[in-house]
Each structure stands twice: as structure tokens, then as C-alpha cells.
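What follows are several structures.
Each of the two complexes below includes chain A, the first together with chain B, the second together with chain C.
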Partner chain A sequence: MSVEIDHATAVSTLYDVLVVGSGVSGAIVARSLAERGLHVLVVEAGPGEELSLADYDTYLTRFYGAVAKDNNSAYEVNPNAPMPRSPDVRRLQAGHPDSTGYLIQNGPYEMDSTYTRVLGGTTMHWEGKAMRMLPEDFEMRSRFGQGRDWPIGYDDLEPHYRQAERELGVSADVADQTFYGITFPPGYEFPMHGLPPSYLDTIIARDLDGTVIQLEDTACTVSVRPTAQARNGMPNPAYDGGKGYVPVGAVSTHQVDQGDRCQGNINCVPLCPVQAKYNARKTLSIGLRTGRIDILTQTIASRVHVGEDGQISHIDYQAYGSTSSPDHVTGSLRATKYVLAANPVENARLLLASGLPGSSGLVGRNLMDHAYLLTWATLPEIAGTMRGSQCTSGIEDFRSGGFRSRHAAMRVSIHNDGWSWPTGSPYTDLLELVDDGNVYGETLRRRVVDRISRQLMLSFMIELTPEPSNRITVDGRYTDALGNLRPVLSYSLPEYTMDAVSASRRVSRRLFQRLGAEDQTKYDPLDPGFVAHQGEGYVIRGGNHWSGTHIMGSSSRDSVVDDHQRSWDHENLYLVGSGSMPSIGTSNTTLTLAALSFRTADHIASELTTRPSLTVGA
Partner chain B sequence: MADDALLARRTDADVQAVFLSLSATLTGYSRFRLLGTGQVEPYLVTTRSAVGDDVFGELLSAFAAVERESADDPAACDRALRALVLSDEKLGPIARNLIKMWFVGTWYELPQEWRDRFAAGEQLATHVVSPASYTEGLLWPTIGANPPGAKGQGFGSWVGPPNIETS
Partner chain C sequence: MTLRRIATVTDLHQYLQVALQLEHATIPPYLTALYSMHPSTNADANRVIRVVAVEEMLHLTLAANLLNAVGGEPDLTVDGFVPVYPCHLPDGEDDFEVGTRAFSPEAIDSFLKIERPAEGENQRFVARKRSHRALLPRVDAHEDDLHFFSIGEFYAEIGDGLHRLYEQHGEALFCGDTARQVGPEYYYSGGGAIVKVTDADSAAAAMRVISEQGEGLGGGIFDEEGELAHYYRFQQLLLGRYYQPGDDAGNPTGPTLDVDWDAVYPIVADADFHHYTEPGELRDAVLAYSASYGDFLARLTEAFRGHPELLLPAVADMFRIKELASQIMRNPMPGRDGMNAAPIFRGLASVGLSSVKVA
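== the complex of A and B ==
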């Protein structure tokens, strides 16, 4: 499988499409267009020498050896194309931006969200939840008087959701996923059967199912449901009208015994050790079979140039040979259409660094992410915590209803990995037992079980609406090793979201009461993300669901892209990914941005293949 | 000196045997189980290089004294271990570090107070001894789980209650 070409060849080629970024959206656009006969160049700022198992295993070994096993710990520190890392986030002092990490935190709130700059992008570290948005999420303004409406609706996106579920290899059962307006065509099946819920899920469901919780005027009846996941499970023979589904295995030039079903490594983030979890390299490696995709890694798109006709004329790049040296060469790449798929922060950063804030001035603005409130407790019985994939079930019942005109919606995940996110368990538990508990030997073993195997952690993923003041900017004072402007983040949470944070804490107390679980939740005022609201303090964590920075709309006056993710200002430029989303509801963003990528690929293909000079088809 | 030159007097095999016995007592796992991890040698080397030969020798001598005094009586062993090792200002932090290293594969930098009083040379910073040390951590089998990212128990293994060993 030939992957790399040299820069000289790329520079002298006029591609049909240049895609910046090799994550899920870029990979889908590239594969989709290449399979329709178009010649595509993908540039990736980060490393990823080859699409091989050896390259992948390097990440795994680095993760094993890392003291801090944060969600980017599998990926090397690379000053040439840096990435945000959550351990870099500090408590801010008012008026003092923090430039410790790659992302400049301008406040007032700290945000510990990250993304990954390697071949395959953030799907290398994503957890793999693959959920559709609710139909009502597309109509936030007209139904709830909050946020924005999309120019398209659930029904427009539904066929593309199905494409995305095939591409990502989603394991789920239709009966479990049909709720709050989500519909599927008659007879639809997911590619693979749903992954089995964990023992922990079963204990929670036994005691919580049927609990009624009132949110404003909405009575929510709790039902623990299995979560749709882009992770290999048991193929469903009824998929695709009885054609079935062949799971996509590990990315490798040789046949390897990996990429089969999820083994329960409890390590979806930062890296699935066996490639049961989807990552964008799977899409790229299949796309490469067309022979029409070229990939340049360690190649940073550094500036977008606009010609006199308002079209993008070329994109400058910097190519570096080693992550340990800033030495690099530069050049320019040309294509008929340009697709920025570098993620919402990097897309906005590149445009702003190129002096292209958009005629609406909205590039970089309306930044959204999910606000996460973590609550944790000790169950009265051994629940076998720390086994399975990171989450196998959740509670969908606080996502929908009239209460959304008053406060944001919430979705709850039951975490098989216990308190690891909020407290650093099980390491912190071990240290406390040994250093303060003064236990050793068999007593220590019993206490470890008692302390860890009964852990329950519920994460509340809370909606954030687009606020123009939440934004990415650039500032000449802050540059990276190659002189590129670093992203500066300004971030705060509106009342609409904070009221849902308070509601989430109330809900978690009710749920713990119902479970007889000892509430262990504590929020340290010295932690990044600490926010007081209505007399109570919370620590809000980032969800890594960056979005909104090139927001989609129906007019060039109040949006950056149209419903095909095409720039209003530059006809041959597409900004793809969750940056286009006008709302994020309470779904992890990947499945929706993947669906949007398919829709955009269709549009680009229709634009290009109507050109008489082009040869279409393999 | 009684503690003295344990390292000098004994062979490498003797040293390893005492280290293994100390490790088994501290972790609650049998010597066979510990040997099976392949980590005895790397952990011995790590500990020895972290605290120096003299202090390492004192630790092993103190534990040898615990074993002599308690003569297979578990309650007496427990008392003696607490008296001679765990509450000793020099040896206690090292013993606790050994437990942590066996459970999660990480050598934690010794506490500041220890470093101020007892450190001979440059201190070993907190680090994972090796990628294999991480995957061989005893914490995971203790709770019937696998180290995150390694030794997955297999599709659907998470459906039932955990298999927790008691000895």
C-alpha cells in the first residue's frame, strides 16, 4: 500500500481536491471523492509514517510507559504541530491568559478539551460513542427559543447517518436506539449488534429503571439503555437488506490478527490496543485502494491564499522531517476545490492566521463543546468496575422535552472505568491506601477491591448553545516552533448551561439515593474548571467536542458556511467537521460530523463531475 | 554491624530471595506469582539504584530480621514488619514504594522529607519502570480486571461479575 508521495510531485500536480486534515471528516471526504474518480491530496500536520501496525504499536508502547495516562499520552510531543493536552491546563487568574499548553487559555473559564494531531486525527483517541442527534436538536431556536436552528433537519441528514454508521462500523440495536424522535427507515439494522451492557450497567438498570425525575415541566422516566458505539461487535446478518456486514479490521499492510471484536480493554481513550474501535486510518486505508489519494504527513497547511476572483488560489505548506527539529521546507499546493478538515479549532486558526475572518466575522466564534459534570459514588455491592469498553450504557431521558426552553439538556453516561476521570482512580486509590491507609499484603488486596470494584461514575454531558463570545482567535505574541500562530481560547458558560449543571447535580443525588450509593462527589475550588453557580461550586470538564467555529446557516450575514459546508465567501472552499454545527444537542459529535462529511462529498462530487473534461469512474 | 554488609556477604541469588520474600509479604501475592510477572529483577534493580546499596541492604536486613523474629507467626510478622520496616523513617517510604511499583509498575519519587534526610545521590524521578511493568501491575488482577489497554479479557467478558482471586 503506497501511501506517501513526495512534495515535489504534489506541488506540480493540480489536484481535484485538497483536503487539510486526515481525521474522520477529511478521510471520509477523501475516500468518498476518490471512489468517484477524483484525484485527492490529503495533508496531515502530524506524524504517521505509514498505515501499518508497527506505527500503531508505537503509540501503544508509549502509552504503557507514560506516567500520566491522559487522553493524548499515546502521542509524542511534537513542537512542530502541537496539540492541547489536558495536564497543561491550569487554574486561571483573572486577566492573565495562560500559555502553558499549546492552546492559550484566555478565560474566564478554563477548558481541558483536547484533540490529536496525528494521521487519523482525534479518532485515534476518541471513545467511540456514535449517537445520532435528536430531531429537536436541529430546531433549537424555533422549538425552544434557544441557540440556533440548522438550515437542514434530521430527515435531510438521516440517509447520511446511515452512511456514517456503515463507515464507522456502529454496533447497536435499532430497538435500543429508537427514542425521543429518532427514526430509522423500516427494516433498518445497524452493521453490528449492540455491544453487551456491563455487569455494572445491569446493577444500575435494576435499581434505576422507572425512576421519574422532574425537569421543569417535563417528567423524565429513567431507562438505562445500551449506547451505540463505533466498535466492532457481532456482525448483524440482517444488515443492508440481508447482505450482512464485514467488520473492518486493523490497519496494516500485512494480515494481522487484530481489529476483531472489542475485547474490553477499558482503554478506548487514548488508544484501542486492538483496533476494534473505528479510527480514520481505516477509512483512509480503504480509500487508498483507489490509487487516487495521495497523503503527505508532517505537512502543515500554513496559509490559505485568496485570488482576485475570491476563490482560494493555493495553500502554503511547511513540511518538517523530524518532530525534534524545526527544520522544514515550504511550498504551495493547488487544487480545484479545497476542504479544510483540520477540526474546529485548527480550521478557525488557519483561516484567522491567513487573515480570513469571514465577511460575517464569525470564523472562530460560536465555539461550543459539551460541558461535563462528573458525579461519583460508592455502590453498596461489588460491581466489577474497570471492565468492558469505557461506557456501554447511558441514560437518554434528560435529553428531550419542554424543559429545554428553560435550561440545557443533559445525557448521562455510566462509566465502566469508574472514577478514573474525576479522581485519577485507581492510582489515587492505591496511593491513599498505601500511604495513608497503612495497609499492605492481603489486607491491601481486600481494601483495593472494596474501594475500586464498587465505584460508580455518572458523567452528565451538558449542551452548550452557540455564543459569539466563546471563540478561537490568534495573537501574534503566541506562535509555535514553526512560527505558526497558536489558537487563543475565550470561553465561558451561559446561564442556560449552568442551570443544567445545577439540575444535573440534583439528578445525580436522586439517582445515588435510589441506588443506596454513597455520594463521594467533591469539587475542589483550586481545580481548573471550578465554577460557582447559585451558591454551589462545580468543576466543569471539557468534552473534546469542539464545534461551531465555522457555523452553518442560511445566510452569509450570520454564518460562515452553507448547508453543504461551503464557505459563503469562497466558492471553492469547504470547511468540514463539527465546526459547521449550529447546535450539538446531547450527542457526541462524531457521527453527525461524519454524516455531514458524506453530504458534503456528494455536493463536491456533483460540482466537479459535471465538468466535461473530467474522467469519472475507475 | 548486624545489618551491615548483607549485600556484600550474600550472593545475588540470596539478595533476590530476600527481595522476593519482602515483595510477597508487602503485596499479598505469592513468590511464584511475582516471579511470573518477570518484574522481580527490574524492580530490584530500580529500588537498589533509587536508594543506593547501603540503604537497600538495610531494608533487606530489616526484613530478614522480621522473618527471623516472627518465625512463621503471621500476627508476629505483622507487628515486626510495622515496627522494623513500615514505621521506620528511612525504610518505610521505600517499602511503600515497593508496593506501589508492584501494583502499577511505577516508581514514585521518594517524599521530599526522605530525600532531605537520606538521599545519597541523584533521585529517581517518578517513572514507569518499563512498558511491561505497566501491563504486569498487580492492581488489575486484584480487582478482576485487565490493565487498561492490555490483556483484554475478551468479547463480552464484562457482562458477568468480576473474577476476584482471594489468595
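== the complex of A and C ==
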């Protein structure tokens, strides 16, 4: 499967569509349009020589050998197209921006969210939760007086959610996922049955189901539910009116026959060893079969140019041959339609670096992410912690209700990987037992098992509302190895979110009490992300769910894109991905941005195929 | 042509039970070669061999579906189900043996012979003396001088037999309990779809996968599904290059393929119980391995007899088998300089028998 063409050919071609970014949104747009006969060029800033298993395996090997196993540890350091990494984040001093990492932390709050710049984008490290948003999440302003309403609703997006569930290969059962207003068409089935809950899940459900917790005026009854996931499970023969579903396994240039089913490995983040978890390379590799997608990797879109008619005229690129040298060549690429799918930070950074802040001035603003509060405890019994996949169940009951007019909603994940996120378990446990506990041999083995298999970690994923002051900007003082402006982040957590942080800690104490678990949660004031609120301190972690920097709305005055993710200012420019989302609710953003990508692909296709003057290809 | 053709449903049951045995028999040699590679080396070779082994597992499951469909009782626990390696292939060729050996050019050479394409059209029945090391057991116990099929022709006879019996019995031939059929919910990753066998059409579909997957089409190197024939997959390891569509046999022009013949544990060939007479941890580990493998075959038997859901824990069994095998292969053999131990694929019963043999 030859995926690469040379730059000279690309420069001399007028493509129907130029897609910047090869992550999930770019891949979906590219595949959808190529399958409808359009000629698409995808440029990816990061490396990814070919869609081979060998390439993927080099990432796995690097991850296995890495000392710090952060979510970008599988990828080489690449000064030409750098990416944020969580170990780079330091506690900020007021008034002193930190430029240690790629992302300039301007404060007041430091944020450890990341994204991945390689072929396949951040799906090369995502965890794989594939949840729809609640209908009420689309109406935050009118229902709760908070944040913004979307110009479209759940019902508009519902058919595209189904497309996204097919593309990502979602395993779930409709009965488990029907809650708080989420609806499915009659007879709908997910492509694959839900993955089995872990033993840990069953223990938590046994002790927590039926617990009533009051959030403001809302009484929430806890019910542990399986989580919809984009990882391969048992195909549902009733899917698609009885046609069934064939899982998409590992991407490879040679037959490998692996990844058709989740094996329960625990290192879903960053990489599933067998590719049972979806990554955007799956979409790209299927799209390539059309013969109408060209891919250029190690090719950075460096500047977007606008012609006199207000349309995008071309995009400049820099192509580098090696990640260890800044040597590069430049050129310009042309297409009828341009799609920026480089993620919310990079989309905004590219536009701002091109001098295009938008007529509303909102490019880069209204940045959102989920705020994560991690709480952890020791269970009174062996719970089999560390058997994957990473999260198989959660609690959805703090996501919906009248309390959302007072504070943000929260979603709880039960982590099969124990305390790995907050404490670095199991590696730190082992070091402690050996170095401080002075145990070895049989005793060490027993102590490791006893300690780790009773770990419980509940993460609270808390929504943010769009605030114009939370933003990405650029600053001529900060550039990368190729001279591109680096993103500068200004970020703070709204009161609305912090009140939910306090509520989450209260809830976790209640839940631990019900479980008879020993609360081990500690927040160190010296840790990045430490925030005090109402007399108590918390460490807030980022969720890598960057959103909102090219927010969608119904008017060019107060938004950047329309409901098709088309730029209000430039008719042939689309900004796709979670950057368009006016709210993020309490769902991981990938399924929703994938659904939006399908909707936008439909729109672009209809635009291009109804124009009589169109010449397909060049 | 003295071999009895399939005339009765009982004959068909016997043939299909032999098919189970045949499909299984190549798996221990492939797994031994796989597990003998040093961890995280030989990635390309590992994948090539793994995919073929996985396809043999698919064929094994399809043979069980066929046997169940016609009312038979799959049994992977009968004495002698696993051959004693080294052994000859059942098509009567005695110019090479199949064994459980370390990954090496010689091992790949024997894999090439297992998978070598049929040479002529009229070799349906090959008159040969039955070798005591033959992989296929007797098909007709009444014959003194048995004759053997090639693997392809063996399946051709099953296909013909199915056809003849179907003409006699009609759909009544497929009298088996459909709940015994293993479907895609329980079997996956097989380089092709699992087929539930409930009638003549699905039986034909299952037979096509078993007998044609991995066989080159019309002498070509790719099969009907566009998959590279097993023979040429193995040949890539010796030639150091991948085949790509359009290539001629013997001349692959795809990307190079990394093979490191030295990154391999020097394991004893065709390990058997007589290699482990000394009491100790190594012997315990090897006996435990054989017992685990026996448990695994017992679990598969139960799965094929109406509990297909047992294939889910069987996946965990396979991880355990791999881990135990790797542990054994990392150990030197006492008294045999420069040679490492290797696991024995037998079973619980055989462990008992062996102690008799050993004594």
C-alpha cells in the first residue's frame, strides 16, 4: 500500500480538498470525500512513514522502554513538529510564563493536557471511550443559563453519531447506553456487543448501586454502567438490520490477523499492543483503497493565504526529511476546499500565525478541556486491579439534572489501571517495596499483588464552559525549530467548574465510605495543577479534550464557524474537530467530533458535486 | 486404490476427526519456532509464522463445525491426538519430518515442505506403506496396507463424501445441534471468517476455507482471497523479502524483511519426556506445561461440544501456554552443553504414561 507521493506532484495538483491533519477528524473527512469520488490531499506535520505494522511496533517498543510512561512517550522527540508532553508541565509562578515545553504556559493555571503529532493524530494515544453527549448538553444556555447553546441539537447529530459508531467500531449495548435523554432509533444496535465489565466493576456495582447522592436540588441515584468503547468486542449479528459487523483489526501492509478483539491489556493509553482499539490509521488505510487520497507526512502547514475574494488561495508548507535536522523545503498547496483538522490548538495556532484571528476575534478563544479530579483509595478486598482494558464501567448519574444551573456536571470512571494516573503505579509501588520496604522474592511478589490488586481510582471528569479569556494565542518571542510560532495558553478554571470539583471530592468520600475503602487521596501543593477552592486544595489534571477554539454558532458576530464547521469569513475553509464545539458536557469529545466530521463531509461533498464548473482532480 | 472411500456418515465422522488431528498437528511446530525467538526480535518472522498458525487454528475450528454439523463428537483428548514429534506428513512423503524445533532455516525448510503446493493433478491416492511416524492415523482399520492422501486430496475426499452423502440423505445429513456451531462471536482473528455449518451451502463454504486457504491459486502465489499462499509466506523468510502482487514465485520484490537467525534460544529439537529424566524444577515445569496443554485441548473439546463460550477463557489459556513455554526455553538443559530446554505438547494422560516410559 503506497501512501506517499512526492511534494512536486502535490504542488502541481489542484486537489478537490486539502486536509491539514491526519487524526480522526481529518481521516474521516478524507475517507468520506474520497469514497464519493473527490481527490484529497492529507498533510501531516508529524512522522509516520507508512501505514505498516512495523511503524506501529517501533512506537510500542519505545513505549515499553520509556522510563516516564506519559501518553506521548511512544513518540520520538521531534523539534520540527513538537507536541506538548505532560512531564514538561511545572508549577507556575504568577506573572512568569513557562516555555519549557512546546506549549507556552501563560497561566494563571498550568495545564498538562497533550496531543499527538504523528500519522493518526491523538487517536495514537487516546483511551477509546466513545460516548455520545446528552441532549441537554447541546442546550446549556437555554436550560441552565450557563455556557452556550449549539446551533444544532442532539437529533441533528444523531444519524452522524451512528456513522461515527460504525467508523470507530464501538462496542456497547443499547440498553446500557440509554440514559438521561440519549435516544437511539428503534431497533438500533451497536456494531459490537459491550465489552465485559471487569471484576473490579462488579465489586463497585455491588456496593454502590442504589446509593442516592444529592447535588443541589437533584437527587442522583448511582448505577454503575458499562462504558461504550471504540475497541473491538464481540460482533453483534443484529447490527445494521442483521448484516452484522466485521471488526477492523491492526493496520498493516502485510497480513497480520490481529486486533480483531480486545485482549484486556492495560496499556490502552498510549497504545493497544494489537490495535484492537481504534486509531485513525484504520480510517486512512481503508480510505486509501479508493486511490484518491494522497498523504504527505513530515509536512507542516505553515501559513494559510487569503485571496482578494476572501477565499483561501493556498497553504504554504514546510517539508523536513529528518526529525533530527531543521533542514526543510517549502512550497504551496492548492485545493478547491480547505479543511483544517489539526486539533483545536494547532488549528487556532495556524490561523493566528497566518494573521487570521477572524472577524469576530474569537479564533483561539473559548478554549475548553475537561478538568479531572482524581481520587484514590484501597479496597478492603482483592479486586483484580490492572486487568484491562483501562476503563470498562463508570457512573453517569452526576451528568444530568437541575444542579447544572449551579455547578458543572461530572462523570466518574472506574479505573482498572488502579492508581497509575495519580501515583505512577505499578512502577512506583515496586520501587517503594524494594527500596523502602526491603522485600524481595516471594514476599515481594505477594506484597505487589496484595497492594496493587486492591487499588481503586475514581476519576471525576468535570465540564468547563466556554470563557473567551481561556485561549490560545501566538507570540513572536516563541518559535519552534522551523520558525513556526508556538501556541501560548492562557487558562483558568471557572467558578462553575471549581464548585463541581468540591462537589466531586464530597461525592468520592461518600462512595469510598460505602465501599469501606481507605481514602488515600493526597493533593500536594507543589504539584502542577494544584488549586485551592473554598478552603480545600485539589490537583486538577487536564483531560486532553481540547475544544472550543473555533467555536460554532449561528452568527458570524459571536462564533468562528457555522453549523457545518465552515468558517464564516472564508467560504472555502472548514475548521473541523472539537474546536468547533460550543459545549463539551461530560462526554469524551472524540465520538462527537467524529460525528461532526461526517456531517461536514456531507456538506463539502454536496457543495462540490452540485457545482457545474467543478473539475474533479487536476 | 484400496482405501475405503467415504460411504457412510460414520466414515465421514472418522475423516473429520482426522481433519481435526491434522490441522492441530502443524500447530506445535509453528508455535515452538515462534516462541524460540528472543523477545522483541525477529518481528517480521514472528508475524509471518503467527499468521499461518492462526489460520491453522481457524481450520481446526471449521473442522469441528463440520463434524458437529453432521452429528459427530469432536475429541481433542483421545490418546495419540497430538503426534509424537518428529513425524512424517500423512501424504506419504518420507523425505522429511515435521518436528518441534527452534526457528532456523532448517525449520522453515520443513514448514515449506508441509505447505508445498500439490505437484500433479492425478495424485489422488498415493500408494505407500504406512509409516509408524505418519501423522494421519488409520482411516480404515480393516485394511492392512493403507494408502494415504495428500492433505489437499484428503480434503477433496471429504468434499466428495459430503456431496455423496448429501445426495442420499438430503438436509437430514446436517442433523447436528446448531448450538454447537462456533460463530464469529467466539472465534476471531483467523485470516478469514469462521463459518457456522448448518446446511450444504455452509458446509461447502467451510470446506473451501479449510482446503483452499493458504493454497496458491492455479499455481499462482496468491489464493482466491488475495492472500499469499502459506508456502510463499515462509519462503519470504529465506529470501529476505516480502512478496507483493505481480511477483513471480521465487522472486519477491517487496520491502526487505528482517530475519535474525541468531536471536533464537538454542532449544532441544523434538523435546520429549526422555529429555527430562532428572527430577527438578525444569522437569516440573515441562510436565506442568504438558499438563496445561492437555487442559487446553480438553477445554477446546468441551467448547466444541456445545460450550462455544469456553473459547473466551481459552484465549487466556493461550497466553499462559506462551508464557510457560517462554520460561522453559530460557533454561539451559542440565548435562547438555549449549542447549536450552523446550516444552512438550502432550497432555495430562501422556505425563502419566511417560513416567512409565521413563522408568
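Criterion: the second predicted complex is superposed on the first by the 612 of 618 C-alpha atoms of A that agree within 3 Å, B and C clash if a C-alpha of one lies under 4 Å from a C-alpha of the other, contacts with A are read in each partner's own complex, and residues count from 1 in each chain.
One rule holds in what follows: a contact is a pair of C-beta atoms (placed from the backbone, for glycine too) under 8 Å apart; a residue touches a chain by one contact, two chains touch by 3 or more.
What you see is a predicted model, and the numbers here were worked out from it, not measured in a lab.
When the two structures are aligned on the shared chain, A:Asp435 is found in touch with chain B, with no touch to chain C. Of the two partner chains placed by superposition, chain B and chain C are both touched by A:Arg261. After overlaying the two complexes on the shared chain, residue contacts for A:Asn416 are found with chain B alone; chain C is out of touch. By the touch criterion defined above, A:Arg406 lies against neither chain B nor chain C after alignment on the C-alpha atoms of chain A. Using the contact criterion defined above for the overlaid structures, shared-chain residue A:Pro247 touches chain C, although it does not reach chain B.
When the shared chain is aligned, chain C comes close enough to touch A:Ala54, but chain B does not. Touched residues of chain A were counted for both chain B and chain C, and B has more of them.
Residue overlap on chain A between the chain B contacts of one complex and the chain C contacts of the other covers 61, 64, 261, 263. If you check the complex, the residues on chain B that touch chain A are 25-29, 81, 86, 95-96, 99-100, 103-104, 106, 108, 126-128, 130-132, 134-135, 139-140, 142-146, 148-162, 164, 167. Residue ranges of chain A in contact with chain B, taken from their complex: 60-61, 63-67, 69, 196-199, 202, 233, 261-267, 271, 273-274, 382, 384-389, 392, 416-417, 426-427, 430-431, 434-435, 438, 440-445, 448-449, 452-453. Those residues of chain A that touch chain C in the shared complex are 53-54, 57, 61, 64, 193, 234-235, 237, 244, 246-247, 249, 253-261, 263. In the complex of the two chains, the chain C residues touching chain A come out as 40, 43-44, 47-48, 50-51, 54-55, 183-186, 188-191, 193, 227-228, 242, 255, 315, 319.
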